[in-house]
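Structures follow.
Heads up, the next two complexes both have chain A, just with different partners, chain B and then chain C.
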Partner chain A sequence: MKSIMARDRTVIALVALCAALGASAWLAPQWLVFLLAMALAKGLVVLGLLLLMRTGLVSFGQGLYFGLGAYAAALLANRAGIGDAAVMLLAGTACAALVAAVLGLLLARYREIFFAMLSLAFSMILYGLLVKSSTLGSTDGFNLHAKSFAGIALGAADARRVFYGVSAIAVLSVGWALHRYLGSHWGRLSSAIRDNELRVEYLGASVYRVVYVNYLVAAALAGLGGAFAALAVGHVDPETVYWTTSGEFVFIAILAGTGNVLAPFLAAAIFEALRTLASQYAPNVWQMALGGAMLAIIMFLPGGLWTLLKRKPA
Partner chain B sequence: MLTVVFDGVVYSSWLFLMAAGLTLIYGVMRILNIAHGSLYAIGAYAAASLGGAWIAGGQAVWATYVALALSALAVGLLMGPLIERGLLRWMYGKDEIVLLLVTYALFLVLEDAIKLVWGVESKMFSEPYALLGNFQLGGLAYPAYNLVLIAVAVLTGVVLSWVLHRTRQGKLLLAVIHDREVSAAMGINVSRFYLATFTGGAVLAALGGALTAPVIAVSPGIGVEVIVLSFAVVVIGGLGSLGGAALGALMVGLLRSLAVRYWPEGELFVIYMVMAGVLILRPKGLFSQPEARRI
Partner chain C sequence: MDAAEEKAGVSALLSAEGLNKRFGAVAAASDITLVFERDSVVSLIGANGAGKTTFLNIVTGYLRPDSGRIRFDGHDLVGRSPREITGMGLSRSFQIPQLFATLSVRENLLLAEGIAGAERAEQATDELLARFDLEPYAARAAGLLPEGIRKLLDVAMALVARPKLLLLDEPTSGVAAEEKFGIMDLVMSAVRGHGVTVLFVEHDMDIVSRYAGRVVAFYDGRIIADGPPQAVLRSDEVLRYVIGEDVRAAA
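Let's turn to the complex of A and B:
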């Protein structure tokens, strides 16, 4: 067992990243902590997309679960008066998973462009509801605050760092779990489904069930990411559900590639850093740079940035 | 009730102009073109600039209608071949979903290109709209410009279906839509039809934008909302079907005006509910034709 762990570079990298992020929670300036928190939140959503893409599916509606997670957390804080961040994160995840458990029954039958379109339609339905619901603040959304984290009271700015540090560890544990999942029987079936669905059926495995479970996991991850982002920003609005948000996740996923569970976090960090820089220095060509980068990756680096890091097999 | 229907038909006409191009491009090239929304926005900007310049130059207001048509044509004929030959041509043969992502990237690029060319301030260009005045319907005053919109949409639909079903080139195009490989094997120059279809679609998108320019404040981001609505329309009607696009546009337009009248909160909700409903019950859309089986 020990020798297996020692050989798995991904686990080593995850542990190192965990330590680095934990340290940065104490040492880094506030803006960097925020940037890293957003990168982790979006990385989680993209991690879910990675799982779907391994199965050969691209969802243009992950904003649905991102927004659901965010709104579930925010409503809990704002309406139910529960101010514990850990509860909010769990609620966001559970809410997204519940909705996905129902919608997944339908979506698991769809492929390609129809999967993308139906997931887009579902997310736009929620958007249509949120934009027009005045009790939830319509297009403006509303604010939320976490008062404690797993029972520990959060007060001053330092306490936010506790929240961020602990969350970073939690998020990376999720990454580790997914890494294990991808290496497992079901994880390997996913790639097989992408390559040839019919053959998987002939082998006696249920394609429908694998797609359904993967969809559920991706939605739960997006819900967790949404709740996490809502806590980091302290605000939710319908933009979290809009198709441009979903498109952003797809973009980060393309940037990352599906090679490794670390890739989404890496890509999300690059994305957030570039966005922060661009909003300061070049707000009007930011999207153009994104689009150009995306085209370049699709044409010349279809495996994503991760393929640059991967060693060529000896 | 009459007013609800009229509102719906006006909205449908506008949707149809967008959706017709989108659905044809998908039918022929299997590309669900997100950048269609950008072409719409560029059409609107071009019309507002050209029309505004003509009026500033002392031209009569009626002449701005020529400006609308001209700018749509110019944008379509310039951008269509540029995008198809310059970018999409290199992508053929990839998965539909990858092509979707390519047009998404293109959409991002064009959104900022618009900002660079026209700036971020919104442009007003309401002269053609004001010129025609109002008419009375059901006790309410309606801008007569809406009738222009309906007329153009109907004309577009008639011309397109005439070309598709009555001309040689149109029939060849239908053959390409039905089965690209066999068409190519029969000696049809498929790549020429790709170029023609994409350019035609671009002209339609730009026309939709140009005709909308007098009604709205032309500002960055107008293409973002339009494109999801057009997606809803073509998905409801059936991807690749012109009749489907017309039916989808009518359904969405009427639904929206009904919702605006009786349940304003549900305006967007009902449209996407129908889109999801159609995808669930008839994934290939209401007007889908049986596909040729490939072995």
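Let's turn to the complex of A and C:
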């Protein structure tokens, strides 16, 4: 009964957030719309990390899929001449999922630091390839433009807002889907793997299969986030794959905690807001401030910011 | 059909033939040949390190024997994984309960039901909670339970898959003396009438003589006695190597 109530609250919050974001697409100033778009994009990647962390795994290489999603979308626009944002988002997701389907076969065998470092290694291989590739703009990357969204032409400033509004709905729908996933048998199975792999196998379930599927889902989410970020920024470069980008996702994930699917979006918004403010008012010390924030979270809120929200309504 | 199985006829559920397993210089299993009939309750006894748990680990696929064969319900078990073996109808509990510490008791059982493919997992879980007197603990995290309750939950989870053979590794160790019979009564009433064969490793000879129809005594990776409890528990070798050891350890 209690869990059903809690689930309903999450769904209500998702719908409310969706409405708020939809409204903000029209009412908020351009810089805020951009900030929220980036928060949603990164929130998606962190949502994937949340799933991995529930399974007991931390990936320091989600930048691989974030970058793949971004480059897939950008190449589609820039080289294939396809200007529809919806198609680009799908392509980014699919490209990340395809690569994860291969790498996952290997990575699903590893745990803890080995999993973390191997995922980091793969992301740095792609980084190396992108930096060397002059046709893809090397370290400068290249630009992309979306001309339409699901067939609706984009041009004027209002149309851009349509893009953000619709994307907000799509992103939060994904959040809802993952919420359902976590509440299902598979979600429980993921937590069980984090707790005790031996028992999972002795109950007759395949740990490998669950880890593989969750890795794939996390990669697809990162790919979607990457494509979305590329569209919001209008530019891609190898920085999207670099390990500091991956580290940023882990940072946001720890800030968020694994308590709820809303937490990644909330933490990503706080992170983006902090960065925007700090780079404006304290450009030289903002990374130090981030370090301090991380220290405080780990020491006082090991369950992430979400634990603050959870305590109140109960 | 191999020799051991032929000897036992069609009623054999599990048969091990010539199992050997060495860990360096230690022989954890030396030429173990055992046949277990359907619907029997058998206790494995022996001092620590005698090879009882090694036998369970080999049978369930956690360890691969250096040589020997295991047949279970028409399947060859050697080389198969614990997961595959569980799927064939062989479940086990653990000496140190293997639970999902951050999940509630209810979620632990619900998950087990889900893996076993129960159609009405919620309902089956409620029944199991009631049958094992776990209702008062249903919402508590498994990691925070008293040892006796952890043991019960561990056994309950092993039973979820409705196994043909249930292996219990020291179901009453770490449990207060006055609770031991309670746990065994619950387990036995849960398996009775379901045609479940039970193999349990046990150190408490009162438990052994009360619940087992047959006792197999291990010493140094070998079997030193096998038969009805009255006979085995009084045999010289068992008194010397199993019970004597226990008395000294307890003193």
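Just so we're on the same page, the second predicted complex is superposed on the first by the 304 of 314 C-alpha atoms of A that agree within 3 Å, B and C clash if a C-alpha of one lies under 4 Å from a C-alpha of the other, contacts with A are read in each partner's own complex, and residues count from 1 in each chain.
By our rule, a contact is a pair of C-beta atoms (placed from the backbone, for glycine too) under 8 Å apart; a residue touches a chain by one contact, two chains touch by 3 or more.
Nothing here was measured: the structure is a model prediction, and the numbers come from that model.
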Superposition on chain A - do chain B and chain C clash or fit: fit
More chain A residues in contact [chain B versus chain C]: B
Contacts of A:30 with chain B and chain C, given as first, second, both or neither: neither
Contacts of A:173 with chain B and chain C, given as first, second, both or neither: neither
Contacts of A:189 with chain B and chain C, given as first, second, both or neither: second
Partner chain in contact with A:295 - chain B first, chain C second, else both or neither: first
Touching partner for A:127 - first (chain B), second (chain C), both, neither: first
Vertex chain A; arms to chain B and chain C (CA centroids, nearest 10 degrees): 80
Which of chain B and chain C A:286 touches, first, second, both or neither: first
First (chain B), second (chain C), both or neither touched by A:202: second
Per-pair minimum CA distance [chain C against chain B, superposed on A] in Å: 12
Contact residues of chain A, present in both the chain B and the chain C interface: none
Footprint of chain B on chain A - complex, ascending: 58, 60, 106, 110, 112-114, 116-118, 120-122, 124-125, 127-129, 131-133, 243-244, 247, 250-251, 254, 284-288, 290-292, 294-295, 298-299
Parts of chain C lying in touch with chain A, wherever the complex brings them together: 60, 81-83, 86-87, 91-92, 98-103, 107, 110-112, 114-116, 121, 157-158, 160-161
In the complex with chain A, residue positions of chain B that touch it: 32, 87, 90-91, 95-98, 100-102, 104-113, 115-116, 120, 224, 228, 231-232, 235, 239, 264-273, 275-276, 279-280, 283
Residue numbers on chain A that touch chain C, as the complex places them: 185, 188-189, 191-192, 194-196, 198-206
